[in-house]
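I am attaching a structure below and will ask some questions about it afterwards.
Going in written order, the chains are labelled A, B, C, D, E, F, G and H, and every chain counts its residues from 1.
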């Protein structure tokens, strides 16, 4: 299926969870937060969050800022 | 004399809060944190970029400074609240520097969205540090909805114009029941000193240090500047007089 | 970084020069010298009073600070020169803070008597530190006659009005070939910080510390203020901009 | 004879020197300078400075000053 | 050159709007209206007092000046709206100077109540002239809800502190699509001149004239001051330069 | 109210003194004299150029304004005195604006040469109008040697920086026994208004008008600005207060 | 009956209208507006506004201000 | 003979006076003043001022200024 991750289209296995996506995309999930379709997905819930085709996922972390 | 800053119940070892934005590299961030002696630094929440090496979080934890995530760039209460919630989840802190700006040119806060967001974040358990304009009435409202501090600007973000309206800052300080942090506008050390002399409890700045020609030196300058202003406030300055007042004895003059 | 102040060929460990006038007691003088970290203090020459206990000289020597006698109260070149010569004989120093004032109300320097006195004292072997107004041309003349520094006022003595005309101080600094010491007018820490940011090499003050509600605290404030301003000057401040300049990334924003 | 010392009339033995005057008036001459009739009298010269009736002597020292 | 002020579609013969409060008598009001040449005056709505002789309305109609009722003293949108409606009924005008203040000490506007009241009064057909703080974002919101002008303060009402933050007034003027009226804070003529030089379309003041030692003279001063500032704005001032620029020929000097 | 300016015993119909330098043409000079309503204009003495058509003198006489020749460009008392004598012979006037500058970059007056020249010109029968810095003591000396006015600068010639040190101008005005004319530094109308509010008797300016984008409009602006400041000074401004002071009744509020 | 007029208790004949009240209280109604129990009562409506015991009437006019 | 006029070398008949020079050089002497070798030569004196070879003459008038 296809989902949008941080604004870019991304293919991922059907049935993948948010945890799977993060593991696949990032070296580490330290300091990372996620939103799915504009709702916060708490870190603890990721293994149980089944992704669906067409969803938009935002993965954020802290960067230098004012 | 013990004169610690207490924010949201936490003691902080410095009255200088450092924004990490604008620094050309994490090395510079590392340098300015050390030179400034700060105990609290702001960060922004942005999309993960797997390609970037090193993390601001590592630098901050190495220095043992607290993290104050901001909602920079958010234009509505809704965006700011979601960003704050993501920051809380990612960084495991309820502290948030709440920014809700009206546009990307002035970067000035939108009073109405700001109060709305503050009220809802407080209800959600956050310790809210709102970046606000210098309107004493808005500062009062932000306290009433439960913000743990108010952070009025001295001048627009990054402008380096200093404190354009000291009178408003004094009005805010005079009635504040929470710490007042001068946020934005500081361009050089004397601006930070003045902020503390006006009665602010702390100063938050980024560009003045991170974009200075020598960021490390300016970080040290700001540390001294905040101390100077705080001590002067506590010491009680002499009154201003229209006329001179001799500091050498006017008696005992020889007749030569 | 070595950044010592050098006056008349002597290295001094502090850029804060302290006037001892206005302090309620020698104990307070002792306290403020310690808290300020100053390396140079001014004194005045007055008729011996056999009844007074203790001497300012003992306090100064205990702290190991240099003495800069002044000619406070003198209204003519002749009076000032005699006073300087007596100070040299009494204190065994060729350094003199030259004051030739026009009257006891304004305590402002008289340009013409001042230049006359400076020229003759230089010829007599003195190291002359003239207290002058903020006229760049007068400062130039004082350098040309051989003064080892120029000490323009920020505002009238004891007024605490700060630096009334920063533009003139900048003009003086821009062409100075000797150290520039901001003398008189400082009321609080940010005034001293500003003086150093404008490029002054040191700040001389008395009342701002000795007459503060807590002289010891204000002495510490001034020490930090002078450091802050000096460091900021060396660091190179950000330019002032009419418009805002974001200090948080404008890219990588989440779409929420 | 009578001389004026720091503005006050003062009686002193005829033939007294400036050194005598200082010794009589002050516990110590440390940090003191003298002027006689508006001229500086260097410290080293005091024993040789014979005072004359009616002269004005100024004895100065350092005090707190700004 | 035709340079008339147009407010809510009406041409006014003067850029000076006069508040009538603070004058010791109607005679003084009469005098200052004449001396100021104003074409628009504010009044307040208060309980009828049968014992008072003479009416401000008679004075205003004798001079043929327009009436701008205010909602002074109102603390909520509801009070302000009712007061505006009563003024409309009593005075037969849809114009209203909207004041919604936060308290009686600062007399500062409450941003949130102000926007709420403005929006509802516009919907009810009023021509709304809001008295606001100097926040450019609030000024923008007030325009967006349909106010026919924005009237930022220079300083608190009656303080005479002038324009505490000229930078904000410039920001408001730069993006304004309706006339900008500097309201409150003016203490003397140069404040009014500066307001116009910053680009304001008009100045509204009361105390500066009505409480001056000689109200009639000050009214004339303010009329000239507003003209001076408007003309200077249109004329285009010389740039500020750090250095001097000769106004006498540097060539053709005689060799004497 | 009769409020004429009297200089050297002559009544003048305007408190605005206009320098004619910097204007692109005699036509512009003609226009600005008319628009300003000035009664006194400065000119410089330069080598005759047989090729030039038209004379500033014809323009001035057509308007019936008095001539005040200056010694612009002179660096020594000797040069200035000779120039003044030549001006007297050429223009048949004993009035002279005495300028003795230290260099061509700052165009600042040299205090010592200035006093020397002033004293000798007074002895030679001149009515001396010295262009001086803002040092109150120098202004005092110039009066003592017999100058008929003192003309302190607000800022360097042509800089348009306004009045950099209002405190000094107030000190000069407070003790002046001759008219005080603010000379140099004025950039826009509010600067001229402020000068008069500080108590100056007149304002002398050139570049602010002659180099404005529209010289004629700026001349009219300056005429109004000087009137405004003079009237405000005479009217007696309200005091500055830290806190607000209601200008609408606080009693008689309806309960709605 | 009794009504409150501008904060003061006032007795008026039963059945009196707002117009009656104004006529009784004021020399002229020029430039006057009225509110009854916190609601605007337009000038034209006064003859038809029957007052009831206990009502609060506010009568306002323009004064120096602002 | 040769004299310097306003910085430029100028030839003029022997025995010429300052008045001659001005008449030769200028359409009109209105508003003009003269200095010879750094001394003011009053207008009235010009006919009697005989110029000498090598002298420096300055002829000044009013121009826009200050």
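The rule we apply is simple: contacts are C-beta pairs under 8 Å (C-beta built on N, C-alpha and C of every residue); 3 or more make two chains touch, one makes a residue touch a chain.
Quantities reported herein were computed from a predicted structural model and do not represent experimental measurements.
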Key: Shortest walk length in steps over touching chains, chain A through to chain F   = 2
Query = Which one of A-C, B-D or C-D makes the same contacts as E-G, at least in over half of the residue pairs?
reply = C-D
Task = Please flag the chain sitting at the greatest distance from chain C, going by CA centroids.
result = G
Task = Could you tell me which chain lies farthest from chain F when each chain's centre is the average position of its Cα atoms?
result = A
Query = So how far apart, in whole Å, are chain C and chain E when each is placed at the average of its C-alpha atoms?
reply = 46
Ask   = If you average the CA atoms of chain F and of chain H, how many Å lie between those two points?
value = 33
Note = For the pair chain A and chain H, the C-alpha centroid-to-centroid distance in angstrom is 94
Key: chain D-chain H separation of Cα centroids, rounded to whole Å   = 67
Remark   = The positions of chain D in contact with two or more other chains are 6-7, 35, 38, 58, 60, 63-66
Sequence positions of chain E contacting 2 or more other chains = 19, 21-22, 44-47, 70, 72, 82, 86, 106, 108, 161, 167, 206, 242, 247-249, 252, 254, 256
Task = Name, in rising order, each residue of chain C that touches chain A in their complex.
result = 246-249, 252, 254-256
Request  = Report the residues of chain F in contact with chain H in the complex, numbered from low to high.
outcome  = 19-23, 26, 29, 42-48, 50, 55-57, 67, 69-70, 72, 82, 85-87, 89-91, 97, 99, 206
Note = Within the complex, chain E is touched by chain G residues 6-7, 25-27, 30-35, 38, 40, 42-43, 58-66
Ask   = In their complex, what parts of chain C are in touch with chain F?
value = 102, 106, 108-112, 115, 133-138, 140-141, 155, 161, 164-165, 167-168, 171
Residue numbers on chain F that touch chain E, as the complex places them = 1, 19, 21-22, 44-47, 49, 70, 72-73, 78-79, 82-83, 86, 104-108, 156-161, 187-190, 192-194, 197, 206-208, 210-218, 220-222, 224-225, 227-232, 234-254, 256
